[in-house]
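Contents: one structure, followed by commentary.
Labels for the chains are A, B, C, D, E and F, by order of writing; each one numbers its residues from 1.
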Amino acid sequence: MRKGIVHYETGEKIDGYLLIKSATKGLASNGKPFLTLMLGDHTGEVEAKLWDCNTEDETTFVGSVIIHVTGDIHDYRGKQQLKIKGIRPTTPMDHVKLADFLQCAPLAPEEMLEKITQYIFEMKNANIQRITRHLLKKHREAFIEVPAATKNHHEFVSGLAYHVVSMLDLAKALANLYPTLDTDLLYSGVILHDLGKVIELSGPVATTYTLEGKLLGHISIMVNEIGQVAKELGIDSEEVMILQHLVLSHHSKGEWGSPKAPLIREAEMLHMIDNIDAKMNMLDRTLERVKPGEFSEKVYAMDNRSFYKPTFQD
Amino acid sequence: MRKGIVHYETGEKIDGYLLIKSATKGLASNGKPFLTLMLGDHTGEVEAKLWDCNTEDETTFVGSVIIHVTGDIHDYRGKQQLKIKGIRPTTPMDHVKLADFLQCAPLAPEEMLEKITQYIFEMKNANIQRITRHLLKKHREAFIEVPAATKNHHEFVSGLAYHVVSMLDLAKALANLYPTLDTDLLYSGVILHDLGKVIELSGPVATTYTLEGKLLGHISIMVNEIGQVAKELGIDSEEVMILQHLVLSHHSKGEWGSPKAPLIREAEMLHMIDNIDAKMNMLDRTLERVKPGEFSEKVYAMDNRSFYKPTFQD
Amino acid sequence: MRKGIVHYETGEKIDGYLLIKSATKGLASNGKPFLTLMLGDHTGEVEAKLWDCNTEDETTFVGSVIIHVTGDIHDYRGKQQLKIKGIRPTTPMDHVKLADFLQCAPLAPEEMLEKITQYIFEMKNANIQRITRHLLKKHREAFIEVPAATKNHHEFVSGLAYHVVSMLDLAKALANLYPTLDTDLLYSGVILHDLGKVIELSGPVATTYTLEGKLLGHISIMVNEIGQVAKELGIDSEEVMILQHLVLSHHSKGEWGSPKAPLIREAEMLHMIDNIDAKMNMLDRTLERVKPGEFSEKVYAMDNRSFYKPTFQD
Amino acid sequence: MRKGIVHYETGEKIDGYLLIKSATKGLASNGKPFLTLMLGDHTGEVEAKLWDCNTEDETTFVGSVIIHVTGDIHDYRGKQQLKIKGIRPTTPMDHVKLADFLQCAPLAPEEMLEKITQYIFEMKNANIQRITRHLLKKHREAFIEVPAATKNHHEFVSGLAYHVVSMLDLAKALANLYPTLDTDLLYSGVILHDLGKVIELSGPVATTYTLEGKLLGHISIMVNEIGQVAKELGIDSEEVMILQHLVLSHHSKGEWGSPKAPLIREAEMLHMIDNIDAKMNMLDRTLERVKPGEFSEKVYAMDNRSFYKPTFQD
Amino acid sequence: MRKGIVHYETGEKIDGYLLIKSATKGLASNGKPFLTLMLGDHTGEVEAKLWDCNTEDETTFVGSVIIHVTGDIHDYRGKQQLKIKGIRPTTPMDHVKLADFLQCAPLAPEEMLEKITQYIFEMKNANIQRITRHLLKKHREAFIEVPAATKNHHEFVSGLAYHVVSMLDLAKALANLYPTLDTDLLYSGVILHDLGKVIELSGPVATTYTLEGKLLGHISIMVNEIGQVAKELGIDSEEVMILQHLVLSHHSKGEWGSPKAPLIREAEMLHMIDNIDAKMNMLDRTLERVKPGEFSEKVYAMDNRSFYKPTFQD
Amino acid sequence: MRKGIVHYETGEKIDGYLLIKSATKGLASNGKPFLTLMLGDHTGEVEAKLWDCNTEDETTFVGSVIIHVTGDIHDYRGKQQLKIKGIRPTTPMDHVKLADFLQCAPLAPEEMLEKITQYIFEMKNANIQRITRHLLKKHREAFIEVPAATKNHHEFVSGLAYHVVSMLDLAKALANLYPTLDTDLLYSGVILHDLGKVIELSGPVATTYTLEGKLLGHISIMVNEIGQVAKELGIDSEEVMILQHLVLSHHSKGEWGSPKAPLIREAEMLHMIDNIDAKMNMLDRTLERVKPGEFSEKVYAMDNRSFYKPTFQD
């Protein structure tokens, strides 16, 4: 299966390895159970149905298992669906490994870390720099792997790091155009704003919310972390509270999860930078497969709108 | 001025000492400045106008100053207003002291602390008990003085402590009727839910919001505090996160300031207990001065409703 | 079938009598009709599917029929489902009776009536007492049987009476803590607030809304009843209007069905007491089956939240 | 003062009799009390200020008093204002009577009653006819005097009757165009929909809300009345509930005061007829004084819009 | 198939010609594709399922194809459904033509055009008359065929014209009752308000939204058209802008698609006339099939309400 | 008066020329009229009160008049206010000219036009380029003078041009980071999005809304203009509709004035670019005068928030 799963056209046959990203049991209206499988590789994913499955199937074909599958691609209500003909779990004899089946950010982890480190290096305020560097170092392992979300945008391995790098570049461009912006605050805010997701989310594969994620949320988690790190570093100046405020307010409104609205110039801009990068990520991935003169699938996180690609664009 | 300021009737004369709780400069439409003073004693407060004031007046008559004043009580749009005839700041010769002019909770601080300590003593879960006791001890000084809010309900010296004591009694009554409720969580939630106000608010006199209060808010402040105290005490079990969740969710909805809705039985009840006690406090103070068969002033924090006292009540 | 239906575990076999609480026809995607049956006994209910049913089945297996059924319990999306193997309607030879299959309040009807009567006895205002007693007497038959709602909370035989008794106890506890509350109004408000449901709902089994329920609603129905009973009793004092107001405003807001917001102290508290008792009922039944460290099913009437039971609770 | 008060132009002098419709005490920023008087005659009203008033003035110049006044008309923020030069209460020697100073419906009470009676006469359903006739007869005295509201629309003597007559004509026109409409229900709904205002409002002069109006509202009041009258007349058929539903739902939504939305064809139309007539009344009175090519004052009850009169209209 | 499709009762057999109005592919839970067909004739439509369809079926049975079908009428969740036994596309040998299968307005196109022309003839303002006449003439072909909407109300051939004629009659009736209304503006507003739908919608059969409809909408389309036609006719007076405003504001609120709220008397009434006629159309078609004493299906565009037909109506 | 009006401190004396930007008549509570004047020069404006004015004053001191004034600067509720001691209108002898008293964009008109022209020059799509160039040329005179709004942001001479230039630079920076963006559409959208304000607003001095602005709004005005210009240029391709959609949707939501939400990638970004530039303009002007460690005045158009400047910023 040389080419990635997202490049198959309706009608093509599939014969190769795929990773089970999630498996949900259903009950057909004839009373027999079936499995809805999300199967993926490094290019994306496809939905598949395994009809008339037995109890063994239900315990064999679960999330994170790599399978060998044959079947063909159908069109179902404008979305592709894989009709499974044959399926089996892989064994060591298949010589496949998880890493090859994960969708990743377009940049390598080291490259992204280096870019972020460079931005931290450019900070002039020592307190902001130390807190930011310390927190990034503390959570580096998870940070470099975690997606930015479980769905909607940047929901792939290293998605958060990629989101942060894009936002940093955007922050720099904005600060060039609006010189009153404090780049120290802006860069630190970008790096820390979603860092709590390393605790809120379960990890890079088959991502779910942790208990702490559900009860406290990544915003409160990171506000606490900033407080504790500042204490450890012996920093007790206003910068601590301002960084906490940047994280606290980056969703902008109470009903979107921020207990305080942005009250600092850079907090307001942090929210908008976050918004632009998330939306561009969703728009790009949605319109990628759309032909000029056609409308896209509906984008749930953008008010369920369906976007149009003009005929004079390609 | 033997009797308290709230007991004066329209038309009566005043000659005595009062505390300036706030002073706001206005510009009369004849172009001359005047001061709107909120003057208070231990029973409540009255609005007064100082017309044609000069620059010296503006710097003399400010918040927290005790004055000697003569004048008489008018009725202005259904509210009493003091028309100032003479006013002077007090000197040590007047032998007046601040404490005598503050409105206080109906219970003495020691009595309230004792009641709260008793509730802590009844806790069975050692982790919850230690965290609660430690935090109360850490902030005891401020806790016993701070009002529960700058306005609307329990906005007097020791208002927060009084609110907590009432809520604890209510929590106990509820737990008697609904035995599934975990009193450890309920009592701890009650004691900690607004404790962040010792940092959010400036203090018991002429209360305003601190910078930390504006940028972080009492909810996030206390969630951080719980985390740090747990760390100091070496407690790393689920109780910590649950207590943080209780505080985090006690306003119930995002638009009311809680980044997470209650997801624990006791969190849901904590919100309701808080609500009942605040509303009863507002209703009691509002209806106190209303005669049977009449409507009260509008209560801002209760959708601006005007409440009726039936003729057969007294 | 000795043990109740709710105590069966996934995988267990069932062979016994159950009551059909509702039957809805469906069309399987193979074009064949099936029935979705809600089957219940005195402990609760379970969903079951009857596949490939014929026209005779559709007329045989309808609401309020007691059947004998064999099958086993499956797990379907986190909820139990009964897979029917054999099913037949019962005949007099089976010696089963409806009363044995209904879920009831934990207290006996007489006991509840006695408690309520005692509260009425304690009333000091003769007008309030007479109106309340008269209305309860008038609708006693239906009152003692009707559920408090068709779903969500207290939706079992005598559910309304049980809800009223709990609320009365809660009202008493509140009045102890807040002595300004008028217990006559509070008790009468509790007893009358949902009494209109005896006309709004069809009865204790397979409960639906009546025409009057749909066009007028239980609030307007009871406001009318109070007016008519007062007329019959020759009472023309303010108490009548106040009782009508208590019933009218107990949903608190226009969008929740109350044409007037509470304008009396006791009206405000009646709404809160109602709220607390309904929520505790939903929380208790939801968390009853949840193991420590797990989340419950989503509770529709509480913003679709899923509640957590801490690991240190049991 | 031959010509009506609304026909005076800015700059003109006034010397004549006017009725005080309301008097509100204010406190000038020089500390002296003043009265804001709404002065009216049969054509409308004008605001006036009485500066530097003394205590005697405050008790002399109150609502419902007829005064003799001299002064001139100013323009204040686009609205006319009467600047009082001389003012005195009238005595029997002035030979003025209240009736001459009230703004009335354009039709005489008898004429309106006759029209309404004719519509009742046309009803074919005896139950609907009897209930409607009985209720109109019972409240005829108040009905023929009461305004349709305290402000916004038809807020003049006999305003409700005039509103009802217009709505009846509109209902008839609609029923001609849409023959499925049941004119019995439509006519009865129109006549009864606001009849509760005879109890909700204090009367035709200086109209305020009564206690019953505040606690129950005209909708619930009339629903009760229909129930009681039906009982008196021994009518127990579905028509009673349908008429109650028409009144109950005529505000269309919970947040606008209707506990049930319209569920009958005629209920939906009743709401729209009410809406059209109220809006046309507001638009006509607002645009009456506007010159072509200009915008009107803002109309509070129509989302505060300011309406334009095209230059080609006159 | 003599009688129309909507007159078949459950259980009856069908053997005749029907038009496919839409065809949607589904995937049965046994993995096999099926088609959901909306089949219609001049009286209305019925849903049908074609199970186990193959690829040829999917390309044969598409929108706008006339088929011969046999089967019988079932009841599925309160709605009729046709169970297909045999189905084949028609050939010229069948001698059927599209026009016979379309649901049409109750009036003939010529008759409606004549009525509208008469209203234009009655206009007194030459500018308004010329613009209206010109636009109607320009789009006459499409206007006389297009439905008023793709669903909800007047969604049949010539639906828009029929809606316009009803609204004109209603406008005339209103202007009789409220003589301040400018009939020129009202008639022109009625004729033009939805005329943009000739461009927004694809046509009378299997109606969908065009690209221009999705990106600009019928309101902006028609505002542009008025501007261009006025230019062509050399009309540059205020009437042009007023007509544009009437069209622009006829949905009344921003969230309903109007960038400006009505600011002209006739604009406000145009919105209400539109509303009444659309609602009466929905109510009449919904209640047509409802028996006295029963509730209708839910009406999606009227807040999903289910309407009741009183027992004393027929 | 060498230094600009905004650089005066409280307590300083003023003796120089200022422009009356608006004059509103008030009535002091002593019954005497006064004028509230907004007086400005090229640096900004200050409020002033002219007490006890006579009729002559009212006609002399009106908008757009240049006056000579003496007085001193007071502080009133945290805002500066000029207390007028002497005031007279200027005569030709004063040798003052309007242009010197207007607040202008930081860039010269020619410079801005040149920048915009350069962006148009860079467009690759000839249709988009021609339409954009033509419209800019057509409205150049007004475009280069008009403010971007009557208040809130860029409300100075050439404010719109300055807003457009900033947005173009921001659009370029974004397109560098997100290469899928079509710069032709983005640049054209930026240049045209508010161009309708040249018709919606009255001009650069004492700006108000025109009749066309009130009835149609700048969005509909410009959508029409694009249509007409395209027709004149003989362009009939999809680009026309897309440009109309960009303008139509740039307020993003119906309740914010856009009848269609953005359905093109560049439309979504146009809205965000507009948002960022407007907010940065408001934040910069608001925080300009705020000292580190203090909060700003409330910003009405940003949810009335008061912004904080950290102590470590300057």
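Keep this in mind: a residue touches a chain if its C-beta (ideal position, glycine included) is under 8 Å from a C-beta of that chain, and two chains touch if they have at least 3 such contacts.
Only a predicted model underlies this, so the values are computations on that prediction, with no experimental measurement involved.
*Asks:* State which chains count as neighbours of chain A and simultaneously of chain E.
*Replies:* Chains touching both chain A and chain E: C, F.
*Asks:* Once chain B is fitted to chain C on CA atoms, what angle does the rotation have, in steps of 5 degrees?
*Replies:* Value: 180 degrees, nearest 5.
*Asks:* Suppose you list every residue number at the chain C-chain D interface; are over half of them used by both chains (same) or under half (different)?
*Replies:* same
*Asks:* Can you spot which option in A-E, D-E or C-D is basically A-B again, with over half of the contact pairs the same by residue number?
*Replies:* C-D
*Asks:* For chain C and chain F, let me know how many angstrom lie between their CA-based centres, rounded off.
*Replies:* So the centroids are 61 Å from each other.
*Asks:* Just curious, how far off is chain C from chain A if you go by their C-alpha centres, in Å?
*Replies:* Distance between chain centres, rounded to whole Å: 44 Å.
*Asks:* Multi-chain contacts in chain D: which residues touch at least two other chains?
*Replies:* In chain D, the residues touching two or more other chains are 26, 28-30, 211, 214-215, 242, 263-264, 295, 308.
*Asks:* How is the touch graph of the chains shaped: line, ring, star, complete or other?
*Replies:* Here the contact pattern is something else, fitting no line, ring, star or complete shape.
*Asks:* Which chains are in touch, pair by pair?
*Replies:* All chain pairs meeting the touch criterion are A-B, A-C, A-E, A-F, B-C, B-D, B-F, C-D, C-E, D-E, D-F, E-F.
*Asks:* Using the touch definition from the top, list the residues of chain E that touch chain D in their complex.
*Replies:* 125, 166, 169-170, 173-174, 176-178, 180, 182, 185, 237-239, 242, 261-265, 268-269, 272, 275-276, 279-280, 283-284, 287, 295, 302-303, 305-313
*Asks:* Considering only the defined contacts, which chain D positions touch chain C in the complex?
*Replies:* 211-212, 214-217, 219-220, 223-224, 227-228, 231, 241-242, 244-245, 248, 253-260, 263-264
*Asks:* Help me check something: in the complex, which residues belonging to chain C touch chain E?
*Replies:* By the definition above, chain C touches chain E via 25-31, 211, 214-215.
*Asks:* Going by the contact rule set out above, which residues of chain D touch chain F in the complex?
*Replies:* Residues in contact with chain F: 26, 28-30, 34, 49, 51, 74, 76-77, 81, 83, 295, 308.
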